[in-house]
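Here it is: the structure, laid out below.
Order as written gives the chain letters A, B, C, D, E and F; numbering starts at 1 within each chain.
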Amino acid sequence: MGMFLLTEMTWPEVKQALNTVKLAIIPVGAHEQHGPHMKESCDAVLATEMSKRLAERLHPFALVTPTVNFGVSHHHANFPGTISLQPETLICVLRDMVVSLKHHGISRFLFLNAHGGNQSTLSIACHSLTRELNVEIYYAKTTASAKNALKRHVKSPLYGHSCEREVSEALYLAPHLVHMDRLEKGDIREGKWRKLRPGNPVQGTYSYEDMTANGCIGDAPKASAEAGKAIVEEALDQLTTSLSELLNLTGKKVPCSNCKKSGGCKELSTCLS
Amino acid sequence: MGMFLLTEMTWPEVKQALNTVKLAIIPVGAHEQHGPHMKESCDAVLATEMSKRLAERLHPFALVTPTVNFGVSHHHANFPGTISLQPETLICVLRDMVVSLKHHGISRFLFLNAHGGNQSTLSIACHSLTRELNVEIYYAKTTASAKNALKRHVKSPLYGHSCEREVSEALYLAPHLVHMDRLEKGDIREGKWRKLRPGNPVQGTYSYEDMTANGCIGDAPKASAEAGKAIVEEALDQLTTSLSELLNLTGKKVPCSNCKKSGGCKELSTCLS
Amino acid sequence: MGMFLLTEMTWPEVKQALNTVKLAIIPVGAHEQHGPHMKESCDAVLATEMSKRLAERLHPFALVTPTVNFGVSHHHANFPGTISLQPETLICVLRDMVVSLKHHGISRFLFLNAHGGNQSTLSIACHSLTRELNVEIYYAKTTASAKNALKRHVKSPLYGHSCEREVSEALYLAPHLVHMDRLEKGDIREGKWRKLRPGNPVQGTYSYEDMTANGCIGDAPKASAEAGKAIVEEALDQLTTSLSELLNLTGKKVPCSNCKKSGGCKELSTCLS
Amino acid sequence: MGMFLLTEMTWPEVKQALNTVKLAIIPVGAHEQHGPHMKESCDAVLATEMSKRLAERLHPFALVTPTVNFGVSHHHANFPGTISLQPETLICVLRDMVVSLKHHGISRFLFLNAHGGNQSTLSIACHSLTRELNVEIYYAKTTASAKNALKRHVKSPLYGHSCEREVSEALYLAPHLVHMDRLEKGDIREGKWRKLRPGNPVQGTYSYEDMTANGCIGDAPKASAEAGKAIVEEALDQLTTSLSELLNLTGKKVPCSNCKKSGGCKELSTCLS
Amino acid sequence: MGMFLLTEMTWPEVKQALNTVKLAIIPVGAHEQHGPHMKESCDAVLATEMSKRLAERLHPFALVTPTVNFGVSHHHANFPGTISLQPETLICVLRDMVVSLKHHGISRFLFLNAHGGNQSTLSIACHSLTRELNVEIYYAKTTASAKNALKRHVKSPLYGHSCEREVSEALYLAPHLVHMDRLEKGDIREGKWRKLRPGNPVQGTYSYEDMTANGCIGDAPKASAEAGKAIVEEALDQLTTSLSELLNLTGKKVPCSNCKKSGGCKELSTCLS
Amino acid sequence: MGMFLLTEMTWPEVKQALNTVKLAIIPVGAHEQHGPHMKESCDAVLATEMSKRLAERLHPFALVTPTVNFGVSHHHANFPGTISLQPETLICVLRDMVVSLKHHGISRFLFLNAHGGNQSTLSIACHSLTRELNVEIYYAKTTASAKNALKRHVKSPLYGHSCEREVSEALYLAPHLVHMDRLEKGDIREGKWRKLRPGNPVQGTYSYEDMTANGCIGDAPKASAEAGKAIVEEALDQLTTSLSELLNLTGKKVPCSNCKKSGGCKELSTCLS
């Protein structure tokens, strides 16, 4: 299947693509420690890979922009290598991207985010830029909508960072991110953080090293490419359905890159040939 | 029971209070439409009332600052009277407050928030200001932790604004906010907003008038002061417990304003006399 | 008489009010020490009370917004409890308020200010926002225009903060702000501040504790509700006349809430029935 | 007599001067229309000339920096040639100047301002930068302290811009600014501005062309160099006295550039030889 | 040879690397049109590839951070697909990166830039951040120092964007960026831009489409991997020498990843085994 | 010949001038040390003098605004007297000037700059403000285009600050800037700066005192008014030609202030009488 990936296109190709494109997918990642077994680019790579697969599903109505490869990661700052943007900086980068793409005629955007620490900032960016620039912006955590697969494959009570979920996703989407020979469970420390996690009466900030000595939580050794596949594909199904409805694409015939029938032989994401 | 309410104090009284105070509670509200049956100051008033009751529970370790009586309410802008701060402005106000109070020796803060639309901004303010000012900041939605009471008393599938929950809270905390003779259910309209609510694969911005013609959701006529009491008191219990632990107040003997025993005759929130 | 007080209204009531409203009165206060005999919310409360009375006079052409309950008070920072906004923050708050209210169709604004330390910032806000937002903005110190009453009732050479003027105003407008049993004259200290007061060849900044040990100036024990009434009512007369002219309301017949005659039986502020 | 004028000095000369300098005088002007008879650089030139004369009086304790030759002049924008800074920009320029000079060891500053429209901004700059940079800042309107001479020589009820006061000052300090053959009285128009001038119950913004058709107020043809001398010299006396006290210079012996006695033969500003 | 590439490392690996690392190389690219024959990610990819090769030369004293994959490209905005940052945004991103890396103990930085349009912004970022953060920052255009090779291999009088130089570099460093079957010379249009190019009496802004109809300048069909190699390797020699001197690395023995001798068997970049 | 110099004009004169003016020349200088033999205002004065002469050449199509008399000079901060703007501040000042002048109907601007340290900032200001304000902005280093004269009269390998070039320019344009009896060659120190000068593989920041003990470079004693004249006049020729073409003035007949023929007797800059 085809896909519009802006990094790989020339301007005449982009010009052609803009005839059908209705949505720009902006992958939003981070550069931060992911324990002893994952590379620090994990979130940037996973956001990119998810964006590509989603663009494939929505082809030829979506294009993928270059990745925002830094995020808001100050809670990981005490682990070597972490680089973090101020929330204001991330919003400025997204504003500049949306302004540039609006100039090319795109008016709908999805911030597809692989890093939990970005969610509040993306929420504000979504609300502010929608109003300020008169565009329509959505945002999503990459695989949060895979509710069934997550229930089935993720068993740790505390998970969400370099855990069996994230490592599984990586094993399916970008296995080079994972050192299989170094997989470790989270080395959890006790502390105030327990009282500040989501679901508690109050929330607050804590440093990741207060929670985990090795930088992971959850149970990475339980990860598998199979679980990753289940999570990723369920999320892609969910995202595709939701965006098809939001963009009024449901049932639309599109040119099919498999069978090459002109005029469109298939409905979106469902090759008929 | 006593309570430290900054608006009602002189500076010598504040000076005295600072001998025991460990936490400043900053009530954060909004000024926005609340349908035909609630006054627009609803969130500012409820945040204030909850803060006062929480300060009573934590006395003499907490004080209540003046209320931030505006919030981030752009989604209500098309209903007459709504006034909204930019997220950046709200953060500036909170920064200035925290800086001022830190100068008086306070190093722990709770943003006690009555308006859902403020949560992302408070999350960023909490994380940024904690780091920037070297203080400890918590934030909480006023009654979100009353999980049992909410389950028992709130039956609408879509609730959270001028609904049976909020009206019940007001009937218990500040009944003048409610026009009992005008109570209406949410006059729900269909639209894109359904696909963008929390829990969906993607989130996004919508205007409140796209969701409800009268500005409410839920089922306000089901509200009661009794339900409000259950919700509020459960939330206060939860918040008190959580903050007592975070501030290391558990089991601490405090001077008792009932029995006046010097040296302290009671544990926090539990008068023994 | 009636009054449009935004905090007490529902959106349908605001919608109705906007049919006649020509002016939004924005009360601007402060949260700062006021010596041993006044509560720290003094300026916020007085700004609110003056705004309500002025709105009554201008009814149904004016509405009162929620109060800006913090101001620029860094010179009071060394007295416990004072909370201060940066001038930039105060301007941001006012900008957001004016933008919000302009969206509802209001184009004229009065910043009614009870705190001297805000005046320069309000001057800049007035000039900048008028130009930037294409609205008409006025600002006023609450009772500065009561020139006769001030001459008659204020005798201290140095006055203006928790003095006989301010305490008198409070005794008339909001007596709960005053501890009558603790009234003190300003406990004046000598220092550079004398050379920097208004009227000197140069101006400059000084901390309030360099001028007064107890945080007051003037002679609070001389205050009376009677003096407060004279000051407040003269100022309200002055403000009403000035605004009626600026808004072209002079001689306008308005619906009368006393006699209920339809079509209007009276001129502004002067019930004929 | 000597004078330290930074524009005319080399760095070794500045280095030498810093041995005695305690105050940097920053002339603050404007570039704006001054009616048919004065050049638009009027305020910048007058601020510079006053600063030089004041530095002479305070020699060797003061130096004059380059002039801030733009100010806040948006109310003159509709007369050709006017150039205006935003208040924020003016504050940034002053901050950068103070930071630079503090690096050279100067900790006290006078903003000597010739343009009324700058006063609010200078007030804020003074208060904010004093706190932010831990320096001591004063500000003054150039000749406002010449109360006696102003009473004697200025008779127009409405004056303050290209009027008999300002033209007189220019005739004494910088006569090339004035076209004697074009002197005109203010060509006053009626309008809202009368209700917004200082001393009225409310203040507000108006454009200068609403007040005067030719851009002047007052009665320029009454101006004289003699009046200018009286105003300027009285103001310089006032400023010198005030600053000598603030800087603890009163009675200090200083090296005398007339008689060259080493060790100092005179008191400040009073050559004994 | 080894190389420290932050995207490919885990935190324990980074921790280990920080024992020797003295320089962080920050690749700075752009996302902009590059004519019909190059992909829009060209500058981001070339900056990354050059950084990797330079880090190899400087191993184990340098590490490569994730790439800044957007730049200042407004002059290309009218060609489809171009995304541009405001200069202020780019500076914010770089500030956040430098702050983060300084926290890990790195104090020297190289902005290695592949896009001419970024140079002024990088100059300001270098000067401002050096001062503000007390670090040492250098910046360089990737291959500008290859003076001999450029003279030999680049013959177009007007070159610098998707020309024989840039295509040659890509053919050597990242050939997938180039569509060999679509190589075109710049389709130059006449216009004001000629008078605004570097070397003219005045400089100024022009849009790229005013200069070239196909988005290229120079003579891409003359490009070759061989020319690219000559340019790139000469530039790497120059950069390595310059940085070795600036970092005092010249002649330093380093651990050799070829022969594994402990204690170091070679001088920088020159394996002896 | 005539010249439009805004500082010397009244508003009716400016109004008249705007009938022909097509370009505002904004002189941009600095206030910084210039060694033992030049006054610190050097760059501000030279920028002003060059602007006046250029305006004469372009009369009646150009006017000169007041001078920006501070620049970006942090590298000179350790020599007494230097005052520096942040780059952001300089851009704000230029934005405010351009906005003001655009209001008067001017749409083309030249930043005529005498200080190398401003160039990057002016480049960004030019690109950003052109786009943001929809005007046309050029910028130029005052005498950089005098390539022949520079080659003839400047022999030092390292020059550009208080050297034979700059002193020569001053001797021709503003001799009071120079102390002929104190002329010194640059007292060069060795250090890292050599590796960071333009033309090296990497650029970076260094403090001027690291390069020169007396604050000069080059060979000031070789300076002469004659060399200055050659440099200045060649640059004026270059700038006049370039701007005449950019503004489409070439061959235009203009009113001649020498011979007073109505209707124009001469071509631009070339009096025929």
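Please note the rule applied: a residue touches a chain if its C-beta (ideal position, glycine included) is under 8 Å from a C-beta of that chain, and two chains touch if they have at least 3 such contacts.
By chain, UniProt protein names: A, B, C, D, E, F = Creatinine amidohydrolase.
A quick note: this is a predicted structure, and the numbers were derived from the prediction, not measured.
The two sequence copies chain A and chain E touch through a face in which the numbers common to both exceed half of the numbers used overall. For the two copies, chain D and chain F, the CA superposition rotation is 180 degrees, given to the nearest 5. Chain B and chain C, compared by their mean Cα positions, are separated by 28 Å. Centroid to centroid, with C-alpha atoms defining each point, chain C and chain F lie 51 Å apart.
The distance from the centre of chain C to the centre of chain D, each centre being the mean of the chain's C-alpha atoms, comes to 32 Å. The set of chain C residues touching two or more other chains comprises 86, 88.
Viewed as a contact network, the protein chains form a single closed ring in which every chain touches exactly two others.
From chain B, with the walk directed at chain C, the chains encountered around the ring are B, C, D, F, E, A. Across the complex, chain B meets chain C through its residues 6-12, 14-15, 18, 31, 33-41, 44, 65-67, 69-70, 77, 79-86, 88-89, 92-93, 95-97, 100-101, 103-104, 179, 182, 215.
Across the interface of their complex, chain C is touched by residues 72, 74-75, 86-88, 110, 119-121, 123-124, 126-128, 130-131, 136-140, 144-145, 192, 195-196, 200-205, 235, 238-239, 241-243, 245-246 of chain D.
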